[in-house]
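Please find one structure pasted underneath; my questions will follow.
Chain naming follows the written order as A, B, C, D, E and F, and within any one chain the residues start at number 1.
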Amino acid sequence: MSDVRGPVDGLVVPRFAGPPTFARLPRLDEVVGCDLAIVGIPFDSGTTYRPGARFGPAAIRQGSKLLRPYNPAQDFSPFNTTQVADAGDIACNPFHIDEAIAQIDTGVDALLSAVRGVLALGGDHTIALPMLRAVRRHFGPVALVHFDAHLDTWNTYFGAPYTHGTPFRRATEEGLLLDDRGVHVGIRGPLYAASDIDDDRGLGFDIVRCTEFDTVALGVIVERIRARVGDSPVYVSVDIDVLDPAYAPATGTPEAGGLSSRELLALLRGLRGLRLVSADIVEVAPAYDHAEITAIAAAHIAYELLTDMALQKL
Amino acid sequence: MSDVRGPVDGLVVPRFAGPPTFARLPRLDEVVGCDLAIVGIPFDSGTTYRPGARFGPAAIRQGSKLLRPYNPAQDFSPFNTTQVADAGDIACNPFHIDEAIAQIDTGVDALLSAVRGVLALGGDHTIALPMLRAVRRHFGPVALVHFDAHLDTWNTYFGAPYTHGTPFRRATEEGLLLDDRGVHVGIRGPLYAASDIDDDRGLGFDIVRCTEFDTVALGVIVERIRARVGDSPVYVSVDIDVLDPAYAPATGTPEAGGLSSRELLALLRGLRGLRLVSADIVEVAPAYDHAEITAIAAAHIAYELLTDMALQKL
Amino acid sequence: MSDVRGPVDGLVVPRFAGPPTFARLPRLDEVVGCDLAIVGIPFDSGTTYRPGARFGPAAIRQGSKLLRPYNPAQDFSPFNTTQVADAGDIACNPFHIDEAIAQIDTGVDALLSAVRGVLALGGDHTIALPMLRAVRRHFGPVALVHFDAHLDTWNTYFGAPYTHGTPFRRATEEGLLLDDRGVHVGIRGPLYAASDIDDDRGLGFDIVRCTEFDTVALGVIVERIRARVGDSPVYVSVDIDVLDPAYAPATGTPEAGGLSSRELLALLRGLRGLRLVSADIVEVAPAYDHAEITAIAAAHIAYELLTDMALQKL
Amino acid sequence: MSDVRGPVDGLVVPRFAGPPTFARLPRLDEVVGCDLAIVGIPFDSGTTYRPGARFGPAAIRQGSKLLRPYNPAQDFSPFNTTQVADAGDIACNPFHIDEAIAQIDTGVDALLSAVRGVLALGGDHTIALPMLRAVRRHFGPVALVHFDAHLDTWNTYFGAPYTHGTPFRRATEEGLLLDDRGVHVGIRGPLYAASDIDDDRGLGFDIVRCTEFDTVALGVIVERIRARVGDSPVYVSVDIDVLDPAYAPATGTPEAGGLSSRELLALLRGLRGLRLVSADIVEVAPAYDHAEITAIAAAHIAYELLTDMALQKL
Amino acid sequence: MSDVRGPVDGLVVPRFAGPPTFARLPRLDEVVGCDLAIVGIPFDSGTTYRPGARFGPAAIRQGSKLLRPYNPAQDFSPFNTTQVADAGDIACNPFHIDEAIAQIDTGVDALLSAVRGVLALGGDHTIALPMLRAVRRHFGPVALVHFDAHLDTWNTYFGAPYTHGTPFRRATEEGLLLDDRGVHVGIRGPLYAASDIDDDRGLGFDIVRCTEFDTVALGVIVERIRARVGDSPVYVSVDIDVLDPAYAPATGTPEAGGLSSRELLALLRGLRGLRLVSADIVEVAPAYDHAEITAIAAAHIAYELLTDMALQKL
Amino acid sequence: MSDVRGPVDGLVVPRFAGPPTFARLPRLDEVVGCDLAIVGIPFDSGTTYRPGARFGPAAIRQGSKLLRPYNPAQDFSPFNTTQVADAGDIACNPFHIDEAIAQIDTGVDALLSAVRGVLALGGDHTIALPMLRAVRRHFGPVALVHFDAHLDTWNTYFGAPYTHGTPFRRATEEGLLLDDRGVHVGIRGPLYAASDIDDDRGLGFDIVRCTEFDTVALGVIVERIRARVGDSPVYVSVDIDVLDPAYAPATGTPEAGGLSSRELLALLRGLRGLRLVSADIVEVAPAYDHAEITAIAAAHIAYELLTDMALQKL
């Protein structure tokens, strides 16, 4: 499609120069007709340990400057035939979680009225709930593919129902997710009690523990995920802490023993062909990053998700 | 007073070992009768920019391990005749500012029922409000000596009345401060409007701008502060960002052009003899620290404040 | 002037969100009529020691997010009556110094055709030469006020005439500077030979050494600078290494014993009322920064320069 | 057992607050009857290259704050039925290795008179010798399972018999270890001579080289370790440098090509059911850490070891 | 050979002391007759993104201090029978790429006239071209085994034919490489277009993508490389960015999803017995390193390459 | 003197290349006849808190690469008429303080038999004692000018008489210092007891406290130091922690409220003309450095000391 406007050319404008958008793509206001929107959601007031994911969108954008337009791992150029654009940040209230959730919902809803899919750059995992609320309004309930060290289906923290540890319990309660189509991948680390897992299962989720990667081939895990979601509309939520802290030091609740970035990227490529309607990458807290390694990993994750989403158009 | 229990002896237990209390002092539950309590208030949900002061108390305690018992700058050993102890942390809700403020108020109030002064280790500047509420209950309204780059007398942020930018407006409105006895020291950096200063003056504060230190001798500024507070009971609040970012990189809203640690320590020593009833040192966000320089500066600030407070007993 | 568009309101859009322009000001393409333009010049191929100033513009913009619209030190709101906008980056060839210099010259020249002053965010000090070439075309030869640890009037490095150590010799040779109106401020650190100073004086520069700040009051130095430039049009060039490495670790050729940020900001405020036609702040190499302290100092420097430039309109 | 006192509840006291003990467990002096004690041994004067493990205990405790009470990988809650407590640090002389070794021996011996197992947080690897001396007194000679990049069976360094490179040669000479029951796991990196390996074998150790992990399944290596130690009492010593520097940058003698944290945790879980009598985790040098990734890995290692030790009680 | 002079003895001179040569080996001017020379080439003016590899040689030497003389993974002591020496740095012009390439060519050519193999420590990948020019003069065209995330066979950047992204296209055009004997290993990350791969194949290279490591055993990949080069003289070029950023943060164009250091070291050991005539390790940019992990990985890579090269003499 | 060999020319060999000696000066074995020797003493086993000064010599040498041959602040080129050379490191036993002290004494004594002055790069402050022993043998007892936050005249730590906190008490006891000619400059921070100061005075030292710099001009302090030492032979010992942690984060026992690097350099220049016979700069612990700012400050300190020492020859 000849009207598609891609990233600024890295052979003309050096990668350390140029627009500070994701992958140096055009801004949403610069294009006429947009298929996929990237949006920053700098909110981290739902964090239980190390805060700072409010600076995640800026860091991921900075870490995305080396992304080039052709994805050889999927043999596809996601920005060539699909108009992808950066919609900037959704401003939300750091002092009032409920208000912020409403602001995010409104902002994403408006985007989904104009484009066919949104990729959110968090922010902490609280943002997945308003994302799912908006998504449901446009696509109905969805299957959830959730990459994370943690289940994020706890009930409350300090009496607060909306935090970065509770979005998927709330989403289930609100009917935002399809029954028995959800799966957590990469779960590990200590929990509060054995009942945490039972409760999660009771909400209808399947769990692929991180320890399974020691003995089960990546391809088998991919098939398990694909079988789980089938041909449902799918929402993918990636908490960067699914990676081992060696790969993603810059996050709020790191757990040793995680995935490598190569494993995660392979899993994401394995989602190709599924009906991805929207996605997020959350919990990048740049104050804890070093040499941008977390931000770069997040940018590559976003790039594979965008490729998966762009491929659906074909 | 022979019953006073001081820090663990650094010639017997190496400074990198031993109890993780402030200055390796005893815990509050280890002493019988306590004069001055140090308490951590790990709350940072009132932060407008870089969060992370929730880890401040732990960092300041770690940075205090090199403090020895004799203060040569004031020729006094604050832990010899005054029982100082570490009361641990006040647990407060990170997801509900109002509840957290109530928890802090309750916790500090309980301490002030048992000791004659409290030194709080923040946490963001929001904590000064419940500190002042508890202080007023025990000492009546106080004079405020406030070291900071910022006025912290804004009205609201995003509609929120209780944040790290508003404590001293709220305190004035609530009658916690003595009229015309308050002074901000070290103010600098851009503001929203010229009216910010007028509003602040309207609340009854005096302002010593950081630029004045270029031409006015330290001793003159000390005298100005002393004259301002007179013989009133005094609350001292030190936002670590009163120091230049070179001296205190680990803070949430840094402003270039600040004080050196030598200047600030000299000012604090200049408060000797005033009626210090309680104090805080806030806004240390250790994720941004390097080689503990901010934490060490904060520990020295706390040490001078404790010396000032201990001297009153004599 | 009611049409002036200022920064995004920090009480509506949190400072960690919003546009990634300098001080969250509008982009040049968003305003109708612009008085002062900020432009990034991400070029560092003229660096002799630690490279990386190519990432300077992005870092300074990120470090400028806390700047608010009212400058209390000068009692003036530079963005209220003057339209200031961010013109983005000038793309220039990292592999060909001559071509890059031409690209910068062209880019700045185009800006100066549309606005009355440009503030450049470097990049290394090489960029001062094409800045001065463009400036001369619009304003004629200028007086130079140059803050730096180094003279930058060497002749060649490895046979190269255009590097970050030579711009002001070239500028003198090309007639871009007014005779006997130039002054270097903050010079310190070892040189190649005593003749370096003589050569510099031979080019018509005055030198205020950093050691003079030990015994001469800031106000006296300000007067010396003002007397030097008189009512000539003035170009101000600030190499961040004029600050001590404690204040500005993130630079390419650091020298111990430098200015504090408070001293430098006072000097820049002392330029108020001079005929500043354009300016630069260079040599911020963010890979060496910590907690953004260098970037924040640079942002404050830029803010004072913009205030000085905006004040002239009155 | 209803009297067991576990960690402070993370849903009541935020994880960034609360007691600075390992996993926020009670102190030894707070419990009546203790099964397993954690003790810090801040000694690093036996280090040959990068020192700083003296700060290891404080860092591992800080890195352990996110540990929750239920271990899903072993389906067991180690703190529920076993009383685990933090015994603080053993103070030892940094200037006299022999005296320090005696102090550690005395301290651990006293603990083992009161509890049934000790987990030591180092400190450098020198501490394994006095640990083993005390362990032998209580349990007789033990099988050694030693995770490390290095053999640590050198004879002397600069004439010194007791350093972090020699503990297991000394232990063998002193009869602290069972014959032919010892195994080193993860050995890699250059040695002084081929005879280093022969000498080590001559002392009765088996070696699982790190390169074997490229071709041998984790389960097979686990079985090899289990077969080696059989039903002997076992001491486990974990040098954090068995992990690759990507996973554990904060250590004194890092070697490329190491284990991932996921591999090491799987190995430790594979020790389940063995007769673990005591253990150590050593060589964490926090000055070289980033975002606590080494400390967090060490905390997870300690948690799996505690689970293994607690399971034996059943 | 009894005259061979090895590294300074680590049991006599502590590893943190002693000569700052690679692995504390003798300098070239200290030995009579040298077999293999290590040379630093501190040049990074061909870098497209993060510069700083000019400090690579110093960092790799510092990171090599822990290397001991016996390589157990290859059961060989490379410094015992082969005289290896450190030839210092080749000085080259940072401001003129063509001149620098000529200086490197001259310097390496002189070395190859005196020794039988050179291992270069970069510097950016630009240096591979003059290395190959000199190598061809002494050994004829060679097979290339190239470990890298990137193909480095682009044509030009900003019109520049000689950069760190183009050396192997230039080398092919200049006839420096044997036809159909070259292989890239570890390729990953986005490209400009699908034609990048076709163009590379057109130049006669085989590509082992990084994603293949997910499903193909290391031994199979080793055999594929060995079959590719056969018994030709081989030049090995290692761009440190072939490692994942977790293992090698300190590089200029990092891509997520890379090799582990254990995988890369296994591959390099798999080259044993091939006719390695010279080699390089490039793109270490220490400003982005943490705790020397990249420098240490590079030192181990160099050590395996030296072992491979020394083994050929037998 | 035409035979003097100076540093490698920075206009020919880039500063990031070339020999890793101090200031790129020749090695001692490269010159015929040497006036002043620089020697590294990588010993830190006398450290009471943060270790790591064993890496100080390497870091200071790396930080000295930007030093050029002409010192404008003293209008003198110290390397032009005086042969200065780098003597490498003295290897000393990290596990035996007494043996290390003997090794240092022997090493320095040998140097002083060949040159007229030695500048030592530490290492921790323990090294000052063997330096002074060797100095006394060649010059008799000396006046001590000691820049430090700490007195370093404690008696013992944990029973150890030789540590970094005791050298000047031992030196006094051993008659290495002239009576009533010693002065400590920059003393600050808490002490164990008031008697620490009395004890120090009893040993014959004068103390210039850091707080005095707030009210006394630098020139007056310089005169006080000069009057103290008169025309005696002088030994200058600089503990880098005399600087504020903002200027020198990389040290073992940092204390807030210190000198700026500009103040310290001015003091050192004030020693011009005194009879400096040898000197040291100690306690640089690079693991805690950032962007080399401490190492660069130390290099500048060393440069001023060398200038002072070279000037005496005239």
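In this text, a residue touches a chain if its C-beta (ideal position, glycine included) is under 8 Å from a C-beta of that chain, and two chains touch if they have at least 3 such contacts.
Predicted model, so just to flag it, every value in this text is computed and none were measured.
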Target subunit D, source subunit C, minimum contact steps: 2
Farthest chain (mean CA position) relative to subunit F: A
Far-end chain from subunit D, centres as C-alpha averages: C
Whole-Å gap separating subunit A and subunit E, where each centre is the average of the chain's CA atoms: 37
Distance from subunit D to subunit B - Cα centre to Cα centre, in angstrom: 40
Residue list for subunit F, restricted to those that touch at least two other chains: 12, 14, 16, 48, 50, 54-55, 94, 157-158, 244, 246, 260, 288, 290
Category of the chain touch graph - line, ring, star, complete, other: other
All chain pairs that touch each other: A-B, A-C, A-D, A-E, B-C, B-D, B-F, C-E, C-F, D-E, D-F, E-F
Touching residues (chain side subunit F, partner subunit C) in the complex: 10-12, 14-16, 65-73, 75, 77, 217-219, 244, 246-247, 260-263, 265-266, 290-293, 296-297, 299-301, 303
Of all residues in subunit B, those that touch subunit C in their complex: 48-50, 156-158, 187-194, 196-197, 209-211, 213-215, 244-246, 249-250, 253-258, 260, 288-290
Contact footprint of subunit F on subunit D as seen in their complex: 44-48, 50-52, 54-55, 93-97, 99, 157-160, 163, 287-288
Partner subunit B, residues of subunit D touching it in the complex: 12-14, 16-20, 40, 42, 54-55, 57-58, 61-62, 88-92, 94
